[in-house]
Every structure is written in C-alpha cells, then in structure tokens.
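A, B, C, D, E and F are the chain letters, set down in written order, and residue numbers restart from 1 in every chain.
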Amino acid sequence: MNKPCPPASNDRRLRGQQKLAEIDGAAGQKVIDALADIAPDFADYLFEFPFGDIYSRPGLDLRAREIATIAALTAMGNATPQLKVHIEAGLNVGLQREEIVEILMQMAVYAGFPAALNGLFAAKEVFAHYQPAPAAGGATA
Amino acid sequence: MNKPCPPASNDRRLRGQQKLAEIDGAAGQKVIDALADIAPDFADYLFEFPFGDIYSRPGLDLRAREIATIAALTAMGNATPQLKVHIEAGLNVGLQREEIVEILMQMAVYAGFPAALNGLFAAKEVFAHYQPAPAAGGATA
Amino acid sequence: MNKPCPPASNDRRLRGQQKLAEIDGAAGQKVIDALADIAPDFADYLFEFPFGDIYSRPGLDLRAREIATIAALTAMGNATPQLKVHIEAGLNVGLQREEIVEILMQMAVYAGFPAALNGLFAAKEVFAHYQPAPAAGGATA
Amino acid sequence: MNKPCPPASNDRRLRGQQKLAEIDGAAGQKVIDALADIAPDFADYLFEFPFGDIYSRPGLDLRAREIATIAALTAMGNATPQLKVHIEAGLNVGLQREEIVEILMQMAVYAGFPAALNGLFAAKEVFAHYQPAPAAGGATA
Amino acid sequence: MNKPCPPASNDRRLRGQQKLAEIDGAAGQKVIDALADIAPDFADYLFEFPFGDIYSRPGLDLRAREIATIAALTAMGNATPQLKVHIEAGLNVGLQREEIVEILMQMAVYAGFPAALNGLFAAKEVFAHYQPAPAAGGATA
Amino acid sequence: MNKPCPPASNDRRLRGQQKLAEIDGAAGQKVIDALADIAPDFADYLFEFPFGDIYSRPGLDLRAREIATIAALTAMGNATPQLKVHIEAGLNVGLQREEIVEILMQMAVYAGFPAALNGLFAAKEVFAHYQPAPAAGGATA
C-alpha cells in the first residue's frame, strides 16, 4: 500500500486561492488577471506564500491579520493599490468602518500625518464603492 | 455659579500618562526621562497626543492597537527601539508571544523578509527579558 | 471668585486654525473638508497638534518650518499631496521660488535624484497655479 | 607651450549626455526638458553626476547597472516615473523582458509583494509601448 | 500502480537549503539558527520562498541576483544585517570587490549619499573578514 | 595666447573641500578617511557634488541648508550617522540647540513620533560632545 503524498505545492496554491477568496475575492482576482501576460508565475507565488502559507496559519485570525496589514501599508505610504484591497478585505472579514478609521488615524503617531491622511483618502474611495461580498462558503472570517 | 471648565490640556496629559502606564509604564517612562534635559515639551506631546488622544479613543481596543503598531513599526524597519517598546506593550495588553510572532512573520509579505527578520530579532530580545507588569488599576486592556 | 480655566482643547484648535490659515488657508481647508464625512475627529487633531501645538511654537519661524517640511516630504517621497500643500505654504510665508527649488535640488544629495526630481515636478504644478493669498490678519509669517 | 586643460565640467556634461542617450535618450530627454523652466541647473547635474560620473565608470557594465537601478527603484516603491525610465533603459542595454521580470519578482523577497507587484505593473506599461531605440553610435551597451 | 507524488514542500525546502548554501551557507545558517527558538516555521519559509522558489529560478543567474539584492538593500537603508549577508554572498557567487563597490556608489544617485555611504561601510566590514567559501558541489554560481 | 581653461573638476573638489570644512570639517574628514581604502573615488564625489556643487550654490544660505538636511535625515530615519554629522554642522553654521530641537520635534508631524524621538536621541549625543569649531576663514555661515 502506498504512503500518502506529502503536501504538494498545488495544495498550497489551492489553499491560497480559497483564503484569498475569503478575504477579497474580486480585487485579488483582478491582480491575478493583470499578471497573466507578464508574470504568471508571480500569480502562483501570490496565492501560495501570502495566502496559502501566511494567511492560512491558525495563530492569528483574519480580523487581526487585516488590522496588521492595513496598518503596515498605511505606514509604508507607497502601496496605495494594495492598501485599498486590504481596506476592502478588512470590511469583508468583519472590521467596522469605524475600526478601520481608528487604525488609519493611529498611523499619524507612528508614520506621520501625511501617511494617515493618505490612508484615510484611500479608505474614502473604498467605502464609497463597497458592496459586501455575497455570503459563500468561507466568506466569513 | 460658574460654568465648568472645558477639557484642559493637563487632562489630556494625565489621561495620556495613565494610558501609557497601562500599556508599558516602565519603558515609556525611560523615554520620557531621556527627553527631560533636551526636549521636555516633547515628553508632554508624547503623553498628550499618542496616548491622551489616540490610544485613549474607545473605537479600538488596546490589543488591536498594539497589533497595528507592531505591524507598522516592523514594516517601516527604521524604528527598532520603539518596536521593542511596543512588543513589550503587546505582551502587557494580552497578546500572546505566538500572536506577536505571527504579526512579525506576516510582515515578510508586505515589507519583505529583512523587515520580518529584524522584527523577530527584536522580539527575541524583548521576550528574553520580559517580566509581566504588576497588576495595577487599569493594567489589563 | 473662580480660578481661571486652564488652556482648553478648543483653544488649541482655534490657535491651530489660525496658524493653518496663516500658512495655507485654502489648501488646508480642502483637507479638513475631505475628512468631514470619514474622520471628523482627525480634522480636529490636524488643527490641534501640527498647527496648534507645533507650528505655533515660537522657537522657529514659519519660513524655517516650511524649509524643514518641504525637505522632509521630498526626501520621504511618498506624500506628494502634502508636499504640494507645503510648497504653496512656503510661498505664502515668504520663501522665494528659487529658494524652494534650492531645497528640492539639495534633496538629490540626501534622498537621491528621483526624490528631488519628483519634488521639482510637484513644484512646477504648484508654481503654475499659485496666487498669493489675500493679505488678511496673520497672512504674513 | 601651454599645459593641457584638466577635465572640464562641460566634458562631464557631454560625456553624461552621450551616456544618457545610450541608455534611454528619449525618456531622459523628456525629463531634461521638463526641468528647463524650473531648474535648468538640475538638468546639468543630472547629466554630469549620474551619467557623466557614475554610469560612465568602467567597473560595471550598463546591463549590470540597470539591474541594480531597476531593483533599487522597485524596492524603494516611491519613484515610479524613474522606474519606468529604467525598465526601458534595461531593454535598451540588452536585458530581456524575462530578465527584468525576474528582478521585479525577486523584490518580493526583499521589499515585499506590494513593491514587486507595483514594479510589475510599471513594467507592463513600458513593455506595451516599447520600441527599440534606433541603432546609432553607442546605442548598444 | 500509484501515480507519482507532485512536488512536495520538503522538495522546495531542500532545494532552498542547497541554494542558500551555494550563495552564503555560513551566514544564512546563522539566521536559521537564531530563529529556532522563536519562529522555526519562519526558517522554513526562508528556505522555501526566497531560495527554493525565487533564487532557484533559471531566468537570472546568481551574479545578477546578488547585484539586484545588494542594490535594493542599500537603497532601502534599513536592513544592514541582511545587506552584509548579501555582500558576502556576492563575493561567493563571483562578484569582484570592485564590482560591489560600483553598485554601492551607484546607489548615491537613486537613494542618496547616506544610503551609499552606509552600504560602503557595511562592505568594509565584510571585506575585512571575508574568507572564500570552500569549493563544494554547487559552490560556484 | 591660449584660451583660459574652463572650470576643472579639481576646482569643484577644492571648492567642496572648503565648503565641507566650513560646515563640519572634522566629522566630514572622518568619512573621507574611512573611504580611502575601499572607495577613494567616492570621497572625490562626496566633495564634488554635495559640497562643491550643491552646498556652494548661493541661492540658500548654510543655515537654511542645514535646516533642510537635518529635517530630511530625521524623516528618513535610516541615516543616523549622517544625521549626527549634520546636527553638528547645524551648530557650526549658527543654528541654536533650541532651533535644532524644534526641527526634530516638528518631524513628529510629518514622519511620526519614532522618527522625531530617534532624531532627538541623536542630538543628545551630539550636544554632549560638541566643541565649537575654531574660528577660521569661512567658519561662519
């Protein structure tokens, strides 16, 4: 009788695709599509490492993970497209608008008022167009 | 009969001192002392705005606030002393070591492996010396 | 007879509003308005701390303060909207265009040629539309 | 008989103009033109130091220099216009599209996935419009 | 008869360990050891993604990869330990000291003179202690 | 009769050496010496471009130039050795300690409290050891 196969890379990719769909399926998919003609392997890496490996880890729930990512991207100040994706992801996994605004304002302390302001302006745009993702398997955090 | 006074700046300072003591009294105090001879006004600002204004706001609890700050300082990569203070603060307000390690590892995705590694090395140092703060009024988040 | 009230937070806000009007009333007001629906408290913080506390301090004049802010925002390279506000503020408080251009060019040494170039392109836009603010109480540095 | 003149600044400028034309004449020239009315001296510095001094040094060939510059600008994440110029320069000096994509993907490790993604999106735009520069003296690395 | 197993995660880890040994076995191993007690999973990720996935890709040789990483870490300016590891790695994969110095000097153009200087000081330390890695299978790029 | 030679690079170097001596001869010289064995050409570039070209320009006085550089390096947060050199240079060209402290505190607004704190700690060290440079020709701004 054959030994079971160890976890395969396509399992990581599958797990990552499911996790990405759970936090921000539509926006995440746009990024994947944009990569198709220039760097399809990078789309694989994007599913596999950030989502298949890190986001799937049980030690921190999705709400906490999005708090961390929103804070980091706001402080860095040079990743506005990704910050918008994660503000939306934050709403999808159960953060309230007011909680997201609190995180962004707090970044004034650690990264300065410009970083916080630019984060708040990004949030304005996301909030204006936000439609909660349809409830599907795994759509809640 | 006189009208009550509006909130005064020394109220903000007092509230800030209490909030800072709640999250990391000892380390925070060291910073305040270091400023005494060069910029005593900045010690006031440090109590008043980050802690009297922002950290005292009710919309996000201290555990979430420390998740955000630890993530941001790790991603920025240029504020190691402050990151150590906040890793310790995270432990004080109820984050588990494993949760802090999860945040730091997640920063590899958003700010790169060097940022995450340097955050983990900072955490190693903090964990090695950590003594839980004595339980005093308001010492829990 | 009742003791006089200590300085109140609305005094800081008022002082901040006056100081912001002195350096860049119109652009600053746009930012405040943009925050009204998403984070009105942050508009208060913006008046109170940067302008009510820091910019109102007597130890450095407004011309020197704008030199510092223009330099910092250019070097950081990730806060173009705020850099434009402060290039305009620099003109309002008495910096010459040629002096602002000198600061921006100098940033090539400390933050690299891209940072300096992007600062110069921001300045081009501001200079093209600049109308000196009408002389009103406190409009000069 | 008179001693020969030491290398003059206009020699550095001339050498820089030739080197810039060799790596990206058209895009580089656009930048120079944009500076003409605001900071013409900075156009001189741009020819003289980056290209007349650094890029003209023999110790590293142009292909290696563009690998370094593309990597750095991607990691910094706040210089997209210059990154596009140098992606184009990379193609001009003999880097393959696939090699440029490899550099950009590698930046996910050192500066995070957002930096790499934003670099890849910049490359998409450059690749879409790229016309190899006409073969002229010095047009190849 | 059973279907062969798809590529397993321990293959990525093994491939990554071999690649890391090829570019900087000793220094890389120190990092792995430092993580053992705090974040052993992160050591796995470090082998698997940066080295098992990215550095193992055939589209760019190790010499070019180290040019890119040295440039990026110098420009970022906040990852000195990792920069030292990669300056050493650069020497191991065939870059000459003079070539590494050229990359570092070039960063003055893109990230400013401080970034270049701090990179050169890091290189001084590495060069002072450098012993070429013993020739073992795969030790050359 | 021979035409006079155009400005030569050794004029730029000489002018730069004089300018550097004027703002911070001792500390600047240490940097130059540290480069002698690893990148002597970079010492030339350091004299020629930052000081021979930029700092020698008449459009902004040395006091204003040091305000700009101190602000930028504090905001960037990753160039502490150079920040210390320029805090000392600021004192040499006539900035008061209190003025330097004002600049550093102001950076809390634009780059966050950690950047400002780390700048203040750097200033503490410089102030503790500061000896005014001996009055020599050109030693005042």
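To be clear about the criterion, a contact is a pair of C-beta atoms (placed from the backbone, for glycine too) under 8 Å apart; a residue touches a chain by one contact, two chains touch by 3 or more.
All figures in this text were calculated on a predicted structure; none of them were measured in a lab.
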item: Chains touching both chain A and chain C; value: B, D, E, F
item: Those chains which touch chain D and also touch chain C; value: A, B, E, F
item: Size of the rotation, in steps of 5 degrees, that lays the CA trace of chain B over chain C; value: 180
item: Farthest-lying chain, centroid of Cα atoms versus that of chain D; value: B
item: Over-half contact-pair match to A-C, picked out of the listed pairs C-D, B-C or B-D; value: C-D
item: Farthest chain (mean CA position) relative to chain A; value: F
item: Distance between chain centroids, defined by C-alpha means - chain A, chain B (Å); value: 25
item: Gap in Å, rounded to a whole number, between the CA centres of chain E and chain B; value: 33
item: Whole-Å gap separating chain D and chain F, where each centre is the average of the chain's CA atoms; value: 28
item: Multi-partner residues of chain E (at least 2 other chains); value: 41, 45, 49-50, 54, 57, 73, 75-79, 82, 101, 105, 108-115
item: Chain contact topology (line, ring, star, complete or other); value: complete
item: Sites on chain C touched by chain A in the complex; value: 31, 34-35, 37-39, 41-42, 45-46, 50, 73, 76-79, 81-82
item: Partner chain D, residues of chain B touching it in the complex; value: 75, 108-115
item: Chain A-facing residues of chain E, complex; value: 2, 5-10, 12, 41, 45, 49, 53-54, 57
item: Interface residues, chain D side, partner chain A - complex; value: 76-78, 101, 104-105, 108, 112-118, 120-121, 123-124, 127
item: Touching residues on chain F, where the partner in the complex is chain C; value: 49-50, 54-55, 57, 59-60, 64-65, 67-76, 79, 82, 98-99, 101-103, 105-111
